[in-house]
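In the two complexes that follow, chain A is the common piece, with chain B as its partner first and chain C second.
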Partner chain A sequence: MDLSLLPQAIVSGVLASGLYALVSVGLALAIGVIGIVNFAHGEFFMVGAFLAYQLFVSFGFDPLLSLLFVAPALAVIGALIYLSSIRFVLRAPELNQMLLTFGIGIILQNLALLIWGGDPRTIANVPYRSLGFQVAGVSIGAVPLGSFVISLLLVAGLYWMLASTPLGRAMRAVAQNRIGAGLVGLEVDRVYLVAFALSALLAGLGGVMIGVIQSPTPTVGLGFTLKAFAIVVLAGLGNIRGIVGAALTVALAESLVATLVPNGDALRNMVFFAIIFVVLVWRSRRVA
Partner chain B sequence: MKRIIATLVVALFAIAMAQGVTIGVLSPLTGGAAGTGQAQKAGFELALAEINAAGGVLGQPLKIIIEDTKADAATGVAAFEKLMTEDGVEFIAGGYSSGVTLALVESFRTFQPIVSWIGGAVSGVGIDGFDGIEELLGAEPWFFHVHPWDYQNTEASTAFMASTGVKSVALLHEDSAFGGPGAIAAAGLLQDAGMSVPLVEAFKSTLTGGTGDFRATIAKAAASGADALFWIGYDSDVVPLTSQIRELKYDPQYIFGAPPGWPSEFDAAPEAQCVTGLIGYLPNLPNAEAKTFLDAYVAMHGRAPDNYMAALAYAQLWSYADAINAAGTTDQDAVIAALQNGTFRSPMGAWSFKPSVIALHQGFGSEMWNVFQFQNGVREIVWPLARATAPLASCQ
Partner chain C sequence: MRGLTRDLVATAAFAVLLVFLPSVLREVFGRASVSYLSLATNALVLAVLALSWDMLARTGQLSLAHAAFTGAGAYTVAVLFKLTGAPLWLGIPLGGLVAAVLALGLGSVTLRLFGIYFAIATLAFTEVLKAAVQRLPTAVAGGAAGINVPALFRPTFVAGSMERWEVAFLRNQGYFWVYAGLLVVAVVISVLIQRSRLRAAFTAVRTNEQVAGVMGVNPARMKLLAFVLSSFVAGLLGAVEAHRLGSVSPDGAFSVHTTVLALVTPIFGGLYTTLGPILGATVLAGIEETLKRTFSEGYLIGYGIVLVASILFMPRGLVGLASKLVKRGGASTSGRVGGASGGAADAAAEERA
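Right, the complex of A and B next:
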């Protein structure tokens, strides 16, 4: 165990939590407001990553500029998916909902395979991807720092929207009592539509960041989807406020184990799910 | 009565011959290894078109049935059994992923078709307590292995490392059946060649559920003080790994990677500069077949191959066609003999099946490998020196 690497591990873990929070918060929104577990969420990241790649290849757009186009595009795609399929299963058994979103995910993956092929792609010229600077012997990467800041701003903006805007209040009302919200005149279906589109938009933003740090492939979203589900469970299903704390906990734990334990990087997923396991058992005992 | 039976036999034989030869292909067309599977498919399509344009096999057009393994063991076994029981093929081609291949061992033994298998490089040779593919299938007369075994990959990698003059190497590897045994073998060979290996560290690949944050592993490599970095992982690990090496200011003399392929457009990325890698096929190899293959591939697919698995698939299908034509029949013993004794065409030059440590029929060996280096957006061959198109440059 090399303790000289501890400061780097802490900084890397804190910065990684930003991206984890961003990829999880859209999923939490879909679960919390609409009550649907969206297994296609990872494919929204993938579409976001590929759209950023395509904008780079076709027009030379920097991924930061792509954010302005990809986010609304994903919102539209999310809205279309909601209108064409999701809304028909909202009252169906949960298994039907899961199968539907799982199927949507497979369709999106195979569409990507048809359009972009299976080879990992590269957004080749991202001048800040490898940029890092040293502070007191600790390296801080421009991309992790940027994605951390952007993620925090987006999550804070979402909190503010939910707490302080009529749309946010409508979402919270629908989430708490769908029938009651309808009775007092809220257009429940429209609120669901906006919430699902917003969830897809947030996934699209995460996807652009994933496209910068990784090679877009049809399955690029899988690793992040697993983490997003785990973070959402850790935060409490649908609890958007708990996402940042949950993301920070797991990202820090992962980074510490990866750095301080021999072959620790290979244990990342084990650490991640061990935390989830412990928290769920602890919660269930507390309830009992 | 005898005349009727003889006529029926002749008629059935004629019908069978008229149907032509069909080869069943197992390849990961979708899923995490789809890049490799699609490259194999593209290579098969080109070879198939050329074979049929040249008269086919036994005078009939050759057919292939490609089944998707998704690089998943259970899917691979089901796909193989479908080829055997529903499609009734007698020849199997394709092949990728050691995990899928290990899962297929018992099914191969049950049906015992001729299996010419590209991937699945984990031999098991020299690793205690682990039965690899060469150990399990190598002695079967119907099994032909095309891609070099892991120890042949490592021999080439180690010989390259030794040629650079570095004294110490940090070894990073992904944690599945691909990277783990390869790293153990590599560490031993590097040490045998007089280099120290201060770090052997596993990481979670993006292909197997990782999120591409390799900073912890890279920080350990930097702290090890090794002269060079040697990593074994997948195509999708290339961008995060190389960019984070720069981000953390890790500055080894050489960065050497051994993924099955390299991401599209990575050549143009600034992170690529000075990175070296092992590759089977490059268009600038100094043999005429390399250029001929490139031209035909571009004419058919509209782009150059960016994964050497396309060249291996092309070579594999041609070997089947040439062997069956040489045998003049699809009789298993005759085709095995023709595959055993033939010399075949490939974009890497002429090749044949020879015995390896255990296997009776091993196609390419360590001599297939080239080390290239990304130099200003071009993949220059830097090793072996006989094929070099540019001198090796240090990253420092």
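Right, the complex of A and C next:
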């Protein structure tokens, strides 16, 4: 164990946590407001990354510019998926909902494989890709820092929206009591539609940023679904406020293990899944 | 008990059919029978996978860990032959046993997890197991690259008395028979469950665990029993697959695809039945073969579409659809027609027709 790497590991973990929070907060929104545990959530992320890639290749769009196009595109995709399938299983058993979204995820992933193939895609030649600076021996890349700031702004925007706009109030009302919200005149179905579209939009924006940070393949989606699950589970299902803290915890754990444990890079994913497994099992025992 | 006898006779007839199928294919199609036989073998693999998953689902445990158990079976075989000179056929039963023991462990810690929580925990378990196998010493488990596994059948070419393609045919025939035997084992286990008091117990646990407890069913014992039986079959399957494919690797052996196939097939065919998974596997294996020839990547999209369409339009699967048609023809009671809001998960709370 090399402790001199500790500051770098902490900074990397903190920077990664912004993106994780962004992806998870969308999933938590779908779970909290609509009550749908969306196994296709990570695929929205993947779709966002590949749309940004395509915009870059076809039109030379800078990823920052792509954010403006990917956001409405993902909102439309999310809305279409809600209207064509999710809407019909709202009152079905939880497992049918889960399997349905699992199927949607398989479709999205394989559609992407058909379009883009299985090779990793890189948005190269972005001027700020290799920019960075050093602070007290810790190097900070411009891209991770930028994605951290953008993610936090988006998450903060969502929190503000939920806390102090009529739409946010409607979402919280529906989340608390679906029937009661309908009785006082809220159009519950429309609130669900907006929440699901918003959830897809947030994930898609995260995807654009990961498209710049990494070189994603169409199969990255499930991994991010699981990471988002780990964070949502840690925060408590449906708890949107706890997401930031949980994302920070998980991202730090991942970064510390990857840096400090010898040959720890392969253990990265294991940390996530071990957290999900242990937290779920531990909570189920404690309740008993 | 008459129902049991009838089912076992039907199973025996089915088994006889499977024994003669390769010879029939060979007579009818000649050289082309090699690929038909491998298609039929894929259907058998899918049927065993689906049926073993369905047994577990009957207790309400919708597992996303099926790849963990086929993978455990595969790795048992691979490690056994890498480290020892054990007899060739020993690996398969051992693979089943290892998977069953693993299931006992996982099943005991997840007893109190329900529905979605159970599903997520089992998926996480699979990923942890995959990472753990990858981290085992390379001398034992081969690391990320994997291990080679000896073939079960090595037919030799005898010049003059046979043609070239017949070597491939004999090899395929061998595996076909092994999988046919495996399917018969799975069907017999499934039939024994369905035609005994276990069926009522499993259904009670799935529908309402508290009530099941009050009625004198031990939910924990039933859930573990289903887990062990299901995983034993899955482990056997994974072990034979390791022999057939000739090598194992962490990504291949613990692939999410296996889990997807294991759950889509019974949902498409008809959950909580013996016939449903087999029927679903036959149709899906055909669809997959067609898609695979058209697209090199992304052919799994067919499974996604089938899964979504099944849940939205056919929550009781092919078997449910068939029995609904039969009922309509016989002008019998209507029952609850499975609409979009019905659901695969609780569909078989009703009796089979």
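In the analysis below, the second predicted complex is superposed on the first by the 271 of 288 C-alpha atoms of A that agree within 3 Å, B and C clash if a C-alpha of one lies under 4 Å from a C-alpha of the other, contacts with A are read in each partner's own complex, and residues count from 1 in each chain.
Criterion: contacts are C-beta pairs under 8 Å (C-beta built on N, C-alpha and C of every residue); 3 or more make two chains touch, one makes a residue touch a chain.
Being a predicted model, the structure only gives us computed values, none of them experimental.
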item: Touched partner set for A:I213, first chain B, second chain C, both or neither; value: first
item: Chain B versus chain C as contact partner of A:A175, first or second or both or neither; value: neither
item: Partner chain(s) touched by A:R129 [first = chain B, second = chain C, both, neither]; value: first
item: A:P262 touches, of chain B and chain C: first, second, both or neither?; value: first
item: First (chain B), second (chain C), both or neither touched by A:F224; value: first
item: Which of chain B and chain C A:N110 touches, first, second, both or neither; value: both
item: Which superposed partner A:G118 touches (first chain B, second chain C, both, neither); value: both
item: Partner chain in contact with A:S4 - chain B first, chain C second, else both or neither; value: first
item: Residues of chain A contacting chain B in one complex and chain C in the other; value: 109-110, 113, 117-118, 222, 226, 266, 269
item: Residues of chain A touching chain B in the complex; value: 2, 4-5, 8-9, 12, 16, 57, 109-110, 113, 117-127, 129-132, 134, 139, 141-143, 213-215, 217-220, 222-224, 226-227, 255, 258-259, 262-266, 268-269
item: Residue ranges of chain B in contact with chain A within the complex; value: 29-39, 175, 201-204, 206, 209-217, 219-220, 223, 235-236, 238-240, 242-244, 246-249, 261, 263-266, 268-271, 306-307
item: Contact set on chain A toward chain C in their complex; value: 37, 85, 88-89, 91-96, 98-100, 102-114, 117-118, 222, 226, 229-230, 233, 266-267, 269-270, 272-274, 276-277, 280-281, 284-285, 287-288
item: Chain A-touching residues of chain C, taken from the complex the two chains share; value: 62, 109-110, 112-113, 115-117, 119-121, 123-125, 127-128, 131-132, 134-135, 144, 256, 260, 263-264, 267, 295, 297-301, 303-308, 311-312, 315, 340-346
